[in-house]
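Both complexes below contain chain A, partnered by chain B and then by chain C.
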Partner chain A sequence: MNQASLKRNYYGYLFIAPFVIAFLIFGLYPIYNTIALSFTDATLMSKTGNFIGLMNFERLFADDIFMNAVKNTWLLWILNFIPQVGIAMLLSVWFTNARLNIKAVGVWRALFFLPNLLMPAAVAALFFSLFSFYGPVNQFLVRSGFLPEAMQFLQDVTVTRSLVIFIQWWMWFGQTIIILIAGMTSIPLPLYEAAMVDGATSTQMFNRITLPLLKPILIYVFVTSLVGGMQMFDIPFLLTDGRGSPSGSIMTNNILMYLKFSSSKGHIGAASSVGVLVFFMTSICALAIFYFLREKDSATSKSAKR
Partner chain B sequence: MFNNYKFNTNLMRVFVYIVLVIILIVTVVPIWLLIVNATRSTVEIQQGISFMPSTHLFENYGILLGRGLNLGRGFGNSLFVAVASTIITVYFSLLTAYGIVVYNFKGKKLFSNFIVVLVMIPMQLSIIGFYQYMSKLGLTDNYASLILPLIANAGSVFFGKQYLESVVINDLIDAARVDGASEIGIFHRIMMPLAVPGAMTMGIFAFVAAWNNFFNAFILISSIEKYTLPMLVQTLRGDVYRTEFGAIYLGLAVTVVPIILIYALFSRYIVSGIAMGSVKE
Partner chain C sequence: MKRLYFVLSVLVALSMLLSACGAPATEKTVLNVWSFTNEINTMAIAFEGTHPDVDVVYTMIPMTNGEYQTKLKAAIGTADTPDVIALEAAFVKEYVEADFLADLGELLPIAEAAKTYPFVTDVGTNAADGVIKGFAYQATPGAVFYRRSLAKEYFGTDDPAEIQALMADMDKFIEMAAVIKEKSDGNTYMVGSSGDFQNPFFANRAQPWVVDETLVVDPMVEKYIETAKLFRDEGYEAQAQQWQEGWFAGMNDSLVDANGNSKQVFSYFLPTWGLPYVLAPNAKSADGAHDTSGDWGVVTGPLPYQWGGTWLGAMAKSPNLELAKEFIRFCTLDEKNLTNWATGVYTNDYLKAIDPQVPEDQVQAAGDFVSSQVVVEKITASFDDSELSAFLAGQNSYAGFAAAAPSVNAKLMTGSDDAIQRALNDPINQYLNGVIDADTMWTTWKDALRVEFPNLVIK
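Let's turn to the complex of A and B:
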């Protein structure tokens, strides 16, 4: 019997084999290939490029457009992430508050999440239309007297950036609410009851109970949002002309990579180096956050057990 | 004292509902305008904002067709890619997850940790190497390059593993073995039916992700007959459609309405799926 079950466990390899094979072919090799290409001057026209060492990377670091794209990507991500978590946190606290007893939490939550499922390409095109010169927003503002005449919203740096940030917020705060509510409702109620008996205020309870126990979930939200945010493409690409206009203000890492890829010669070597740099930047930041906060977290839970 | 407390709570409740309604308006109005404008003519749209549908739906469709934008074909292409992606993702993710959950093979722990790392790694950034490799294999401009990589869908396997851990019944599997069922037969005939709710959640996410995927399709697919909806949406921004607002909104609405319908039917699977991905036990 034992012999049989040992033998049977080899079936595990058969079950995971398709995944492993597909990962090697479609996951690992492309990563290797991208890294290899980033050291060459390969173009779409040439079959193989020449090895040029770190030249692509040196060029990128000397290139204002690249540095600007990295800066923009971080700016657009951070300015969307802070209000996203802030508002989601506020709403989640309200939704889970027994005293407020908000009705139909499930319905509110489901409606707030809806934008997340919509096609980002369509959302970008929608906001492009809404905020275009003859679009409904201009109509509304002019007719109600807020603006003397229609405005070219998408030629203004601040408006365009704010719009990208707003759209990202609009698409993601609902998802964050669902995650935070799930986290908050998994916190044992007796903790709050005991705190209430001790006369704690709701602010104290939030700071001392909710926030610390929510930490692993906040890390999860933080890391997944960072990984996604560094790859921001559809919204800024389709909101204006696909080159980060006005004046490169919404040019992101991935748009730059795409522009290098789609340039007339198709500089896939240079495009790969953008991909590789962003890949490492994101992975290092994500792993650092993960590792750094995880360690601290397990240390506190150990001391709590004692 | 007590009355004062109650009064404050009520005041707060009113304030909360007002905030919720404002956020709801911000959330829903752009989507509603999109759907309504798809049924209005360009003249009507230019005359002003309206929240009531009009009667120019087919006219708008005709304008799109007249400008060479075949919305029906794009819809069909997107549907094909999304359905194939869903089937591939669900089947192979459950297969992999089942292998991890049921068998105690050497390296199992390492493999499941590796999957968690893969979830965090942004695959999109290896797209250039992927493109060049696919063009060597002759798979560019071919849906296979969009669908086959999903055999190794780490996020979905992670979800599947979490799910199967809660539904797998080892006694049932052993009983089937005694009856002479093969290992793969047990997976197909006993595991799959048990895993239907989890597979639904997994499938909905796979469908939505494939349906909305713009970047990969944009890089890998080049011939217009193979364009999926997000790629057609991208062409809608061109000069040809500059003044045809009604037609543009229709093009966008077609991408969005099926997803809203799916959501209306299956929202509980989606909400529980997101919550489950983040909260472990």
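Let's turn to the complex of A and C:
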């Protein structure tokens, strides 16, 4: 190895330095600090915290509020993720299908993406007004005979959960469509042409060509949605009273963490313990997704090349 | 709608903040003031008028779901703390009992001269060491406002003294609700929301929520829930929620149920500030078709109570501590300012003359009840033929509040009240809707309290 190439290697480190430094300060340090705080009883109003071992974690499992928040978060995420990917996949296939040849795909794509640009606060306020006791939904349903009398929608567990799921789906499926279309258009066209020549049906082409080649994209969608879903906060927080009402049915991990943080004394130690558990839960699940959906034959093909 | 409004006002507040930052540097001393409504901004502008060398940078953060409290707590130990903070009754004690606020003892003689109502200074004082850390410009005794036309229809009189006799205690109040329901065929509700009489019940507890770090459920709390359940089951309340559409619609008689039937609300529990800030502005519907101005009367109601109020404190670490104290003195103890504040001198034009960039809706209407007895005594007579008296068909509400204010008691207030009462709302709603029973309601509430009060002993 001569000196020139050594220097060139150093330049490489220089180039990645900005990212590494930013990551250490804004990524790694907060994680370290959160873990450190979770073993203390620190509050915002007192500044000093004492080391209390695993007390915060013990308290989390002393009643079922934390487990309830974890269950809610998974429920709200899974029930919005399945239709989100399902419908996004269907629309993406239609948009990229050469036989259907849908016009103005860009316009449709923009329309579906539009809800994503709305401020979650505004969306929550909109649905809050629509479904209030004296709101238009009650008026419509009662006057057209679907309901005998007005109901408190946002005090009903099923309705409120469904609303959160619907809003999450509605705001995010357009985003998924864009990613899936990008993935599908990157699949080489000759593969489909060859399949058509061999007499393959649309279903066969989707199962044998689109899905396998889309797998990296799907993993990406899966993992980013999981990470986002486990941190679900703004819509459930703003739709009702910010405490996961009714009956704690839309209390998510992050709302629980926020409640602990925003309590009268600001218990940041206790709040951190929620953050730490969510961090580990999300990390393990994301790694599991990578493991189970990994390219299973990649190892063998590499050794074959050698 | 309310939430949307808050979101918009945050944006406005932020853009104001940004434009203030973007302004060319001047020699003025900057005083940072944080609050949760745009109310104090009026006094901030007036303060700039009398102190031309000061630039008050005003930041408004709403507190619908406690955003203001959160933001304040997050900023309080850092370099970004403001100089002066507004503290609402629900959480003022938490700050008075902590170490971040400056000792305002040097303002006490001025408060004595202004005869500030004792409960106002009590709330601002840390009971543990007697140090005063907050002053308020308002005193906020509560009252009941009722519709005169409906009172005449159902009780044959709209005279405040007679109505007060009819609702002298809570049992009589319930009887009244039954009469109204019967005579109106269920089209008139006694109250818009059972949450309306939550404050009066809580104000008449014998013990605070927390004694020796242990949760206390006073019999009055149970009595409140019983009464609320009765009102829901018997249809005495409109099932509107406080601060939401239906609740406001009842004020201007535009409440329409889902079938399109018109409904009336007979009474509203509101304190001093409720008249100029809540009832009067909402007495006219947005389309102008409904107007209940002049159809209201006011009485003390079944239970004496006080509700809300805003205290001002200075951060001990503020680099402009003397100026911050002067700002607090001006807002809460200055006779001229309090007189201007209460009598409607601070019009939009008045404020625009000081700062041309003042938004159109920045204005202080007459009628807010101030904390200084000296000022109250001087200006009470001026409300005899004011716009607000006309709103109450000639009744001078100021005189009524002046009679009630000295007896207000704030001994029950603790720093935890806000969070404890917020946590109770959803379990109560679920109980009133018949989804859960009373036992589940209590356990749900107590579990929720453990989230926010890890060290609280809950039995």
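Heads up, the rule we're going with is that the second predicted complex is superposed on the first by the 266 of 306 C-alpha atoms of A that agree within 3 Å, B and C clash if a C-alpha of one lies under 4 Å from a C-alpha of the other, contacts with A are read in each partner's own complex, and residues count from 1 in each chain.
Here, a residue touches a chain if its C-beta (ideal position, glycine included) is under 8 Å from a C-beta of that chain, and two chains touch if they have at least 3 such contacts.
Please read all numbers here as calculations on a predicted model, not as lab measurements.
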Item to complete: Could you classify chain B and chain C on chain A, in the superposed arrangement, as clash or fit?
Response: clash
Practice prompt. Please determine whether it is chain B or chain C that touches the greater number of chain A residues.
Written response: B
Discussion item. Quick check on the superposed pair: does A:G248 touch chain B, chain C, both, or neither? Answer first, second, both or neither.
Written reply: second
Item to complete: Once the structures are superposed on A, label A:E149 by its partner contacts, choosing first (chain B), second (chain C), both or neither.
Response: second
Worksheet item: After lining up the shared chain so the two structures overlap, which partner does A:G27 touch, if you call chain B first and chain C second: first, second, both or neither?
Response: first
Discussion item. Just checking: does A:D234 make contact with chain B only, chain C only, both, or neither of them? Give me first, second, both or neither.
Written reply: first
Discussion item. With both complexes overlaid on chain A, does A:A110 touch chain B (first), chain C (second), both or neither?
Written reply: first
Discussion item. So in the superposed three-chain picture, is A:F279 touching just chain B, just chain C, both, or none of them (first/second/both/neither)?
Written reply: first
Practice prompt. Go through the superposed model and pick first if A:L213 touches only chain B, second if only chain C, both, or neither.
Written response: neither
Discussion item. With both complexes overlaid on chain A, does A:M119 touch chain B (first), chain C (second), both or neither?
Written reply: both
Worksheet item: A:D63 contacts which: chain B (first), chain C (second), both, neither?
Response: second
Discussion item. Applying the stated clash rule to the superposed structures, which of 207-215, 225-233, 243-251 or 351-359 from chain C runs into chain B?
Written reply: 243-251
Discussion item. Can you give me the overlap between the chain B contact set and the chain C contact set on chain A?
Written reply: 119, 121-122, 125-126, 128-129, 134, 139, 143, 238, 258, 261
Item to complete: Provide the residue numbers of chain A that touch chain B in the complex, in ascending order.
Response: 8-16, 18-23, 26-27, 29-37, 42, 87, 91, 94, 99-102, 106, 108-115, 117-122, 125-130, 134, 136, 139-140, 143, 170, 174-175, 178-179, 181-183, 186, 217, 220-221, 223-224, 227, 230-231, 233-234, 238, 254, 257-258, 261, 268, 271-272, 275-276, 278-279, 282-283, 286-287, 290
Discussion item. For a test of understanding, state which residues of chain A touch chain C in their complex under the given definition.
Written reply: 41, 44-47, 56, 59, 62-65, 119, 121-122, 124-126, 128-129, 132-135, 138-139, 141-143, 147, 149-150, 152, 155, 157, 237-238, 240-243, 245-248, 256, 258-267, 270
Discussion item. Please output the residues of chain B touching chain A within their complex, sorted ascending.
Written reply: 9, 12-13, 16-17, 20, 23-24, 26-28, 30-31, 33-34, 45-46, 48-49, 92, 95-96, 98-100, 102-105, 108, 111, 118, 120-133, 148-149, 151-152, 157, 183-184, 187, 208, 211-212, 214-215, 218-219, 229-230, 233-234, 236-237, 245, 248-249, 252, 255-256, 259-260, 263, 267, 270-271, 274-276, 278-279
Fill in: For the chain C and chain A complex, residues of the former touching the latter
1, 3-4, 7, 65-66, 69-70, 73-74, 76-77, 91, 94, 98, 100, 239-241, 244-246, 249, 255-260, 415-416, 418-419, 422-423, 425-426, 429-430, 433, 435-436, 444, 447-448, 450-454
